[in-house]
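As written, the chain order gives the labels A, B, C, D and E, with residue 1 at the start of each chain.
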Amino acid sequence: MLPVNTAILTLLIPLASATLIALFLRKHGALASWISTIAAGVIAVFSLQLLFGGARNFPASWEWIRFGDFAISLGVKFDDLAALMLLIVGVVGLCVHVFSLGYMHDDGARARFFGGLSLFMFSMIGIVLADNLFMIFIFWELVGVSSYVLINHYCEKQSASDAAKKAFIVNRVGDFGFLLGIIMCYWLNHTVNLSELAEHHVFSTAIPLLLFCGALGKSAQMPLQVWLPDAMEGPTPVSALIHAATMVAAGIYMLCRIEPLMVPQALNVIMWIGTITALYAALCAIVQSDIKKVLAYSTLSQLGYMVAAFGLGALEMKIYPLGLPRVGHPEDIAALETVGRGFLAAGVGAAMFHLTTHAFFKGLLFLGSGSVIHGCHHEQDIFKMGGLKGKMPITFVTFTIGVLAIIGMPGLAGFFSKDAILYLALEKNAAVFAILVFTAVLTAFYMIRMWKITFFGSARSENASHAHESGLSMTLPLLLLAALSVAGGYSGVFGKLAGSVALLVPEPEGAKHMTMLLTSLAILIVGVGSAWFFYPAASTDALEEKSPGLFGVLEWLKESFDRLYNYYVAKIQQRFAMLLNFLDQIFLAGLIIRGFAGLVGLVGYGARALYTGSLHVYVYWFLLGAVVLWAFAAGVF
Amino acid sequence: MSPFGLNAYILISALLFAIGFFGVLLRKNTLVIYMCLELMLIASTLGLVAFSRFNHTLDGSVFVFFILTIAAAEVAVGLAIIVALFRKRHTIAVEELNSLKN
Amino acid sequence: MNSCNPQLLQLAIATPLVAALIIALGLPKRFSVKLAAMAFIIPALIALWLWWQFPAEGGGQYQYLSSIDTGLGSFGINLKLGLNGIALPMFLLAAIVGLAAGLYALRSGAERLKLYLMLLLVMHGGLLGVFSSVDVFFFYFFHELALIPTFIMVGIWGGRDRNYAAMKMTIYLTIGAMLSLIGLIALYTRSGANSFDLIELKHAIAVQGIHGVAQNNIFALLMFGFGILVSLWPFHTWAPLGYGAAPSSAAMLHAGVLKKFGLYGLIQIALPLLPDGAAHWAWKLALLAGIGNILVIGFVTIAQRDLKQMLGYSSVMHMGYCFLGIATLSTAGSGGVVMLMLAHGLSVALLFLLATSIHHRTHTFDLTEMGGLVQKTPVLAAFFVAATMASIGLPGFANFWGEFTVFVALWKLSPVMTAVAVAGVIISAVYGLRAAARVFFGQPSEQLQRVLAKHPALDLDWWERLPALILLATLLFFGFYPRALSLPVNQALTESVSATDATLSFHR
Amino acid sequence: MSTELLKAIADSNQWWAIGPEMILACAALGLLVLEIILPKDQHRFIPIVAVLALVAVLVGVIMNFDAIRGGEELFGGLIRLSAAGQIARVFFLFASLLVLFLASVCLPRTRMPRVEFSHIVLVVTAALMLLTQSNHFVMFFVALETVTIGFYILVSYFRDSALSLEAGLKYLVLGALSSAILLFGIVLIYGAVGRVVVDGVVHTGFEYGTVATFLQQHPDNFLAIAGALLVIGGVAFKIGAFPFQIWIPDVYQGAPTPVTAFLAVSSKAAGFAVLLVLVDQVFAPLSAILRPVLSIMAAATILFGNLSALTQRNDKRLMGLSGISHAGYLLLGVVASLTIPMATGAVWFYLFTYMLASMAAFGVMAYLGVTEDAGQEIDTYNRLAKDHPFLGAILAVAVGSLAGIPPLAGFMGKLLIFVAAFKAHLYGLLAVAIIGVVISIYYYFGWIKAAYFESPVVGEEGQPARPVTTISLIGATTLTVLALATVLLGFYQQPLTGWLLK
Amino acid sequence: MPNLLFYLFTFLAVGGALLVVVNRNAVNAAMFLLLSLVGVAGLFVLLDAALMAFVLLLVYAGAVVALFLFIIMLLDTTPGAQKPFKKATIAASTLGGALLILGVISLTKRGMLPSTEAAGSVPTLKNYAEQLFTTYLLPVQIVGFMLLIAMLGVIVLSKRFAVTDKAS
């Protein structure tokens, strides 16, 4: 089979699966789940085949719609970046599917769930393969809707329904900028094809920033991060796949795709947003009691890392001798292209590296938490768990690997990728470096906190005491992901998977190497140690008891955005809407239209009243007529 | 044998017409209104006869025949209506004939 | 077979009208229902056939032409039928929405069903006629033919405020129709063609052109006339009221198809024939549509509590995109509008259908008195969410292509206006998802629980599912394969654009 | 008497040409004869003779329609045959047939004599036909007065009803007043033109052709202009144009329904037929004055008619007031005909569609009416469609056509007038007409609303107030034909346009 | 002498007419109408239309005014029943009268014809007859029918129908 056909098949198989389930298998949950899982398996196989088949950048494009000069085409751009991303989607997707077989076994709406998963796979693969921005946008929206459907899985719960709605709308807000950016890009460059853009494009600060808005929403960066914690209302496998490993990473992927369009100012903004998000989310994660919420904030934080990493690539501008490119001087731009690009790509490398490892260990953590939740009969509060270490050994071991990976235990995947980012920061911007280091400490702190409270001590609730190890379909994916979380960071593995992208990962050299290693160890020791000793495996939050003030500040921090947005929606948007509604219905439709109609009616009454029924009055009318006619004849008028 | 010119007759004709019209405006008695209408017709006949005489075309005078006949028929029908109405309403005052109105 | 395609086109229009006449002449109810079903199905089949037969490169010209002199030949009015690349998809839309509305009506259990079906058939016949008329006069004529039953249906079978709604709708739409009629007559007299035939009008205007001021005035007549019919802000207040009151099938056909008359007229007639006038008014139109229809009405829609009223307002809002597309005066803009017309027609019809189905189960349209319906009616919920997604412009549904293309084209006119339009997408997501959530998700409200205790809700039966499925499938088809539409439309548009260029070059 | 004289009589009076009118007159006399010779219990068959006579004449006229080339002057210039005259004949014959039909519905309720009614209708019809063909002011006035006097009687025909008599009296006084005005106008024209000798033949100001020629030569003769305008004023009374429309609602309301229909259709049409001849031929040189006069008249008529109809609730008054607005639209056509000849055809087309729709509406009113039929409110139509679907449907078609709703004939009439007006560049008047149409939608819609949307009228005992109406086969057929024709002409105008717009 | 006669007849015609309008009694009005008619007839005679004068007197004085008087007596309306005029009525009729006078004045100002002498021979009865039976034969016929329907109308409006009256 030609690679291009494989690629197209990879895209279409999940669509077929989704269609099949939607149309015919609504009431046959078991069959639906197997079909969806098999589809995921085929995708995984195909993605491996494409990755290792070596074929890259094969031409594939079909016109989809055309009006005049404007056309949208459906095309595939398959380079190393896409291959890597496809693999992540395929592998994590397969794991999640298999895991779901067990996790969702008793769910009444299983068919809908698996249909949604297939739809998501389709959309996500679409983003990965897309060769132009229009197409990215299309699939971008589609992942949004599959996310909506899956978050809304427990739709009889008001909170789930609200969360789904929120996720969709917040993403739309991000897409507002994204779409404008795409359109602007189209009119400025007369193409949105990624390859053509890479070769030739007009420099503009607005375009990359607008495009970044898309990532802002999808990857839940400040200030649009609010939807991701709420999205945990969805089933846990969904959180693993969509809200940790793949969809939220699509923003990063998209940024890497449009990296040629970037200009320093835009990168600067991106970097700071990523950094602040990373810190903010880490702070919020400390006060969470819901196991999934902790992981959600951790995801936010890690995404912040990736965004920051991407943004960091720009700081090398100071070595650029000619300064910023001047308007109307193409030679400046040409120089920027040749000199600046190598450095920019370092951000891409670091971001993608962390994206990959994060996909593995965060997928693992979420699935692990799913296993815990499943084992504890859908109990999600970590303070009501405890003592699961012995009851769920496989889960415990794999979860521990995940935790260690995320906090950057040397030797595990997270260590390498986080190191790359920190090193990049160290090289480019000290402030960012400091913040990121502090965030890393916090990461270790809250992860250990959660880990300890969940697994250690004794069972603190009925559900936890009856916890049991999950079945094979759930542990198997855990094991696979755990293996990847360990191995994924080694250049031998990552280099194989990422190809040329791996070459972009910055590596500390010489003394810097040592600095980085020490920093990492320090982070680890401080974070892990403080958490381990601070938090007992008890049913209450130690921080809340010992320092309610700090706890309160963090709580406030967490909620302030939601408060702000809720205030906007309830007090500003809704009131504005009511005001306009009032104006429309009362003022326009009522006062003006009805008033005018009433006026005409009054005139009508007046006209009607002239028919008095009195013969004399009528004779006067005739006199009037005769006089007027006479006057006309006499030339009075 | 007409000592005065055409204009004098036309003036009288117009005057009669105006007086008739004024009567229709003013009077409340249906019968008198009707008389005034007849007066207007007669005013026209005077004009016709005068024009006929001075223009030396007979047609105008012949028209008067028709007008007189028509006027007579009109009077007959009109009076019949007035009588019938009086039987119903016991009045011929115009201001009381206002059942038909808004 | 091809040779009788013009006759098939005539047949498609005649079938519903003749069926209506037969029913009017006293056919028993049993047969009436069957006959009506046939009369809804046959045009749909013919439309599909004609679409299938449409020459791949023939979008620029009118196909299936036929002409009948009804007695106004001396005025240059002939019943001339045919389809070009723009008319074809609209004709298909009319046939499909008509089929869905008809099928839905057959089992609607309306009081005086015969009259209901009869009026619906007349409406259907008119709609098919509108989009297949090459003669501008008959284009208008068929529109009115379809419009009148709407008023009656609102008046007889309408819901809340039906009398006032019917009256208001009638007067508004009459004003709009009269203005556009005057505009069309002006076009006829000013073109010098002495013919209402669009093809001849185009030729005549290409040869002699119309003076600039006259163009502006005629375009204004058409713009405001058609604008009222399409609920251009601030002449929109009839729409939510009317749709709120209209019975489902009438609302489906009116909001879905008939309302597109004005836009179709602007694209097919006004833009190619009056390029200078269009250029003169483009910005004003864009302002009205952008600020008024999209932003103001968007927010007003958010404030709605009544489901049908909300759908009515959202339909007004979406018309804003169409006007913006027209205001771009570009092939892409117009093409996007055609796509959007088709898509919005399908999706809004689907939404009205589903809204009525919801009402059958909840016995209310008040969004605050619903909730949790998904547990009883998952299929209905799925359809509704899909339709909502379609109407808020999700890729995969035809609406997306329309809106997207309009956005892209709009940038040329004004980036700010583009931002306004794109912001509308957020607004529509807000109210669309909120409605879906209020109806289906969460827990049922107390009122609803009481209603459900009295009338246990069943999921969609097949008579509701079939029309919904037809509409949704068409939406998805064009969503996934937009080329099926863009190909003929593009041909027709480039044809008229080149004609426009010829006219413009004549002026300069 | 000399033979030459007899010969001259024979030459100038080509009686064959007015055969239709003569047959009607003879038939009218025949009715009276039949009334004398037939026993009383068979008198109810006599009106059928009238109907038969009308049908026979109608068939004859239609068959010989093209036999008359037009332009021939007969009876020494009293009569001028024309295509328009032929159309008018057909129109009046049709209308009178329908009036007799309406009378057959209404008169039995009041037990007023039907023979006399039919007689008067026949004579008036003949006079109407002559009126439109007259080419001479004497002829014109005599025919007009015959019509008018006939209407005086017909309007007050229900002499048991004070309303009918009051209407008769009002019509009488105002009709006589308008006749006087018109007559004075004729006198002035006659005087102004004076004695004209062409080729040794003496012509007077009574002859249309002479007047036209005179006006051509003396376009600023005050007497002639004043006379012409007074004549126009007299005609304006007939058509109900502002400000001479004031009598219409009262008289329409009081008159028996068939007579109201007769007035609304035939009398108005006669006015327009005459106006077209006067404006386009006789007073054509005065178009500089006539255009503003008629334009103002048309605008005021449209606005006033529609506005005053807006809140009207009595069905016959509504027909009257809306009829005023129709006169306005027709006047628009007349104004257009000053520059666009084709407007004449449009006016006639409009008149035909107006006849069809009005007669159908009056038919429904006749069936629903009671003995005292002047007090019929729109509310009495409530839920008609439910109680009586047939009448409801007819009413809907009729009112729809009057409102000018598109698939119906009335719309086509309006369209043709508007096109003509557009071609004549009457943009201001068009705008007024559009406003009028929009306003008219409101009240016509209210009527349909009552019939279709409202809840039923409930009498005092909770019984439906509507008497059960039985419709004879003929009645049903007639109404169906009217409605179908109205619908059909909306779609296919060939039968009428092929004929009017030649 | 003719001058005097002219003034006399004019005075009779116009004065009679005015009195018809202004006096309050219907019977008097009828009598003044007669007076006015006599004046007009006299003017006819001055215009060499003696036949017309004769016919006028015959028809109007003989038939019309007699009929009026008869009806007035029949209906027996009391003259004093008339209410005084309202102020609005007075104002309106003053205005109306003024407008009418204005019309007459404008006619004298604008509409005066060149003063021509009455020319030609005086028409005889034969002339009239010839006209009526040749040129105007058709109108004569029509007028006949008109009289017929007028008569029928009067009968219908006045006659007591046995059946009808039962109904009422």
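Here is the rule we use: a contact is a pair of C-beta atoms (placed from the backbone, for glycine too) under 8 Å apart; a residue touches a chain by one contact, two chains touch by 3 or more.
Keep in mind the model is a prediction, meaning the values are calculated, not measured.
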### Message
Taking contact as defined at the start, I'd like the list of chains shared as neighbours by chain A and chain E.
### Response
B, D
### Steps needed, at fewest, to go from chain B to chain D via touching chains
1
#### Entry: Busiest interface, counted in C-beta pairs
B-E
### Task
Would you identify the chain whose Cα-based centre sits farthest away from the centre of chain A?
E
### Query
Most central chain by CA mean?
C
### Query
For chain C and chain E, what's the span in angstrom between their mean Cα positions?
69
### Query
Can you give the whole-Å distance between the Cα centres of chain B and chain C?
65
### Query
Whole-Å distance, chain C centre to chain D centre, using C-alpha means?
43
### Task
Indicate the whole-number Å distance between the mean C-alpha point of chain B and the mean C-alpha point of chain E.
5
### Task
Can you tell me which residues of chain C touch two or more of the remaining chains?
171
### Query
Got the chain D residues that touch at least 2 other chains?
138, 142, 145, 149, 152-153, 156, 159, 169-170, 173, 177, 188, 191, 222, 226, 249-250, 312
### Query
By residue number and range, which residues of chain A touch two or more other chains?
608, 611, 613, 615-616, 619-620, 623, 626, 630, 634
### Query
Quick one: which chain pairs are touching?
A-B, A-C, A-D, A-E, B-D, B-E, C-D, D-E
### Message
Help me check something: in the complex, which residues belonging to chain C touch chain D?
### Response
24, 69-72, 74-75, 126, 137, 140-141, 143-145, 147-148, 151-152, 155-156, 162-163, 166-167, 170-171, 174-175, 178-179, 181-182, 185-186, 188-189
### Query
Quick one: in the complex, what on chain A touches chain C?
22, 26, 63-70, 72, 109, 134, 137-139, 141-142, 145, 148-149, 152, 155-158, 160-162, 164-165, 168-169, 172-173, 175-176, 179-180, 183-184, 186-187, 573-574, 576-578, 580-581, 584-585, 588-589, 593, 597
### chain D to chain E touching residues, read off their complex
5, 8-9, 12-13, 18, 25, 28, 32, 75-76, 78-79, 110-113, 116, 119-120, 123-124, 126-127, 130, 138-139, 142-143, 145-146, 149-150, 152-153, 156-157, 159-160, 188, 191-192, 222-223, 226
### Summary
Touching chain A in the complex, chain E uses residues 89, 92, 96, 99-100, 103, 106, 110
### In the complex with chain C, residue positions of chain D that touch it
342, 393, 396, 400, 405-407, 411-412, 415-416, 418-419, 422-423, 430, 434, 437-438, 441-442, 445-446, 448-449, 452-454, 491-498, 501
